[in-house]
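Letters are used for the chains, namely A, B and C, taken in the order the chains are written, and counting of residues starts over at 1 for each.
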Amino acid sequence: MSALPIWRQRSLAAIGLALALGGTAALLSAQAYQLLPRPRPLEELAYYPSGQHLRPATLGHAETAADLAWLRAVQYYGEHRITDNRFERMEHVFDILTTLAPHFVPAYVFGGFALAQEGRDFPAAERLMLKGIEDNPRSGTLCFELGFLYFVRPGGRDLPKAAQYFEIASHQPDSPPQARRFAAYARQNSGDLVVSYELWLQVYRSTQNRFLRESAARELRRITQAMQTGRDDVARHHLGVPQVLLLPQ
Amino acid sequence: MTALLIARNTFREARRDRMLVAALWAGGVLLAATQLLSPLALGEGLKLTIDVGLSGISFIGLTLILLVGTSMVAKEIDKRTIYNLLARPVARRSYLVGKWAGLAATLWVTAIAMGAGLVLLLVVRGHVEHLAPIAQGVYFAGLELSVVTAIAVMFSAVSTPVLSALYTIGLFLAGQWSYDLRAFADKFPPAIAAVCHLTASLVPNLPLFNIRTLAASAQLASFDHVAMATIYAVVYCSAALCLATAALETRDLK
Amino acid sequence: MITDEHGSAPDARAPGTPAGAAVSARGLTKHYRHPWTLKLTRGLTDLNLEVGRGEVFGYLGPNGAGKTTTIKLLIGLLRPTSGEAWLLGKPIGSEASRRRIGFLPEQPYFYDSLTGREYLEFAAQLSGLGGQEASTRARHWLGRVGLGERPRLALRKYSKGMLQRIGLAAALIHDPELVILDEPMSGLDPFGRRDVRELILEQRDRGTTVLFSSHILPDVEMLCDRVGVVLGGKLVRTATVNELVASQQQRVEVRCVGAPLIEVPARWRGRIERVELPEGTTFVLADEREVNDVLAWLLANGATLRAVTPQRASLEDFFLSVAESEGQSRRMA
């Protein structure tokens, strides 16, 4: 060490000290994370009445802000899912997210399901999905997912609305292929046999899937029989109380 | 002793610099803006005022650091004003400590001035139960700014003003996300998780200094929290300044 | 160990040892390597130098020769590639080596927002003076360099000459034992240069060692006890001014009329320069020892002498001849 020039000695000593202090800081940091309460940044947004007031503050970078909000929303969901299962701010969180990024379809889908299932707040889920459809009227995905939410609504399905949205979805460019079948099924079980028959007929004619064609044919026969005999109950299937579990991915 | 002289001179320069005055004006405008926005906050105007007030201290402080701190050492080397100091019996480490202390003192004064403005506003509105938490919030903001200043001085000693500003911003953001990094780490395989945790431990733990939520709810951080934050700030600043010293000791000042 | 005739060890402050000399350098070298191309640039090579206490030492060289590099190495602003040096017996790079020295860089820059007085006080305090003492000296030196009438003027409003003067004041405010000045006269008007010369002479009278670099040779000739010449990063000569000038041959100028048609004999070709002017002919002899022979030849050929004038060799002549010979030896090497 003494053969080195004085400044090099000092430099090495400073590096050594920095390593020791850095190690100490790292340990303190890990300890703090474990032991001390952590800040909840999402709650800082809670007092904004809606995402509309937040939009101007992003200075044209609303999409980037939405990406950050998306990360936070996912984290918010995950954190509360594994701790207290309380999602009091969730509607607000997703409202902000979807206001910043109104065409971000996955945000509506995730938010809708999280609100309906974990949040047990179907009306909030419904509001979010309807907002999404209003901002994205050609989205078959959103219509289909809303239809699905109506179909599995805890406490009682809303089959007419489910069918309505399945049908709308089936006419959109990005319609899921099963939209028409679901629409037919919902109509059938809500007693709307005429519309249901038309829907099944479209499925029968358009599908390439042999099993689906057979399934459609079977439903067409049932409906025909029900209409001929005047007994709607023949056409309907018994649907139990919906208990849909959204498994974590 | 020489570090103290340099700190005093740095503080004097900053005082005479228009940027400090501009920062204080910006703080005043921000507080005034909170009063305009409060009616829109559906009864949460007080929380909004405190949140924005304390966030403003951090934001304005960070702006000052980026405008002044990141170029401090680099500019002195470029302009050769550093000769005035290092041609005298002043150790390079004393120079760095003095520069850091001077700028940190400036930021503390700014934070205290803005905190005082916030307290005055709340007293006028009749909310005295928040005064101690706000004072604590100002203290934590001062600690946070001291840490970021040390980082800025460190980068300024090794790089150009522009690059050191970018590096400082980068490390600041990484620090703000350190808790998220730890949370995400557990989703990865053990080896990657370990790297994530190590990275999160090395970047500055800035969420540690964020007690704005508590302050807005008129709650005080625990003694453990205050002690931990203070010790951490001292240790981290020291580490950053040691690295800066190591770099500057071997650097040629052309 | 070398002892004197009484068997005692030499005084540690005796010239020749690092402790004795004001400035001492051994093998001091500074090379730069480009970080990308790794190309090596030689800034200073193997400098061996001693400047005795109380001397005024001039450090000469053209631009880019290595004068500023040497000075910055001594001050500790640059880190040497190899070699050692001491200032007042203390190794360079240590704070102790800078405790009793004053330094003025080539183009001093200051903290714009400070006033002249604040800057001098700050400089004095950094050099170890207490607050009251620093304040007193700042006032004194501000007046001494002619800036005392406006102590509250901010440095950003100073002219170049004023900045140079306040820089000098800052270099001298703490009564250093060694003053190092890098091109102190550069950019100054004749009054400014005179002021700087007076300050340097004043310091010499006080026993302060002065090392200054310059390429203005008349100033060096006037002020220095010894000079060193640096070329291409190497110290090529050191000697007293008189020794250097005396080593140059004296030239003689002979003016005459009536010699337009006289041929210069072959034996003198290359050693006598002939200049024809309307008022007569001038012969410039490179070597004063030939003047008698030349005068005899001219008189024998019918010329009428008008004047015989010895030309005192200047430092400039010496410098140019050294530079030329170094250039030649490099070409031959």
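In the analysis below, a contact is a pair of C-beta atoms (placed from the backbone, for glycine too) under 8 Å apart; a residue touches a chain by one contact, two chains touch by 3 or more.
What you see is a predicted model, and the numbers here were worked out from it, not measured in a lab.
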Partner chains that chain B and chain C have in common: A
Chain pair showing more contacts of the two, A-B and A-C: A-B
Centre-most chain [mean C-alpha coordinates]: B
Furthest chain, CA centroid comparison against chain C: A
Separation of chain B from chain C, taking each centre as the mean of its C-alpha atoms, in whole Å: 49
Distance from chain B to chain A - Cα centre to Cα centre, in angstrom: 38
Whole-Å gap separating chain A and chain C, where each centre is the average of the chain's CA atoms: 81
Where chain A touches two or more other chains, by residue: 7
Where chain C touches two or more other chains at once, by residue number: 79
For chain B, residues contacting two or more additional chains: 250
Residue ranges of chain B in contact with chain A within the complex: 40-42, 44-45, 47-48, 51, 92-93, 178-180, 182-183, 197-198, 200-202, 205, 207-208, 210-214, 222, 224-225, 228-229, 231-232, 235-236, 238-240, 242-243, 245-247, 249-250
Chain A residues touching chain B - in the complex, by the definition given at the top: 7-8, 10-12, 14-15, 17-18, 21-22, 24-33, 35-40, 43-44, 46-49, 53, 71, 75, 79
Chain A to chain C touching residues, read off their complex: 5-7
Touch list for chain B against partner chain C, complex: 2, 5-6, 9, 12-13, 16-17, 79-81, 83-91, 250-254
Contact set on chain C toward chain A in their complex: 79-80, 91, 93-94
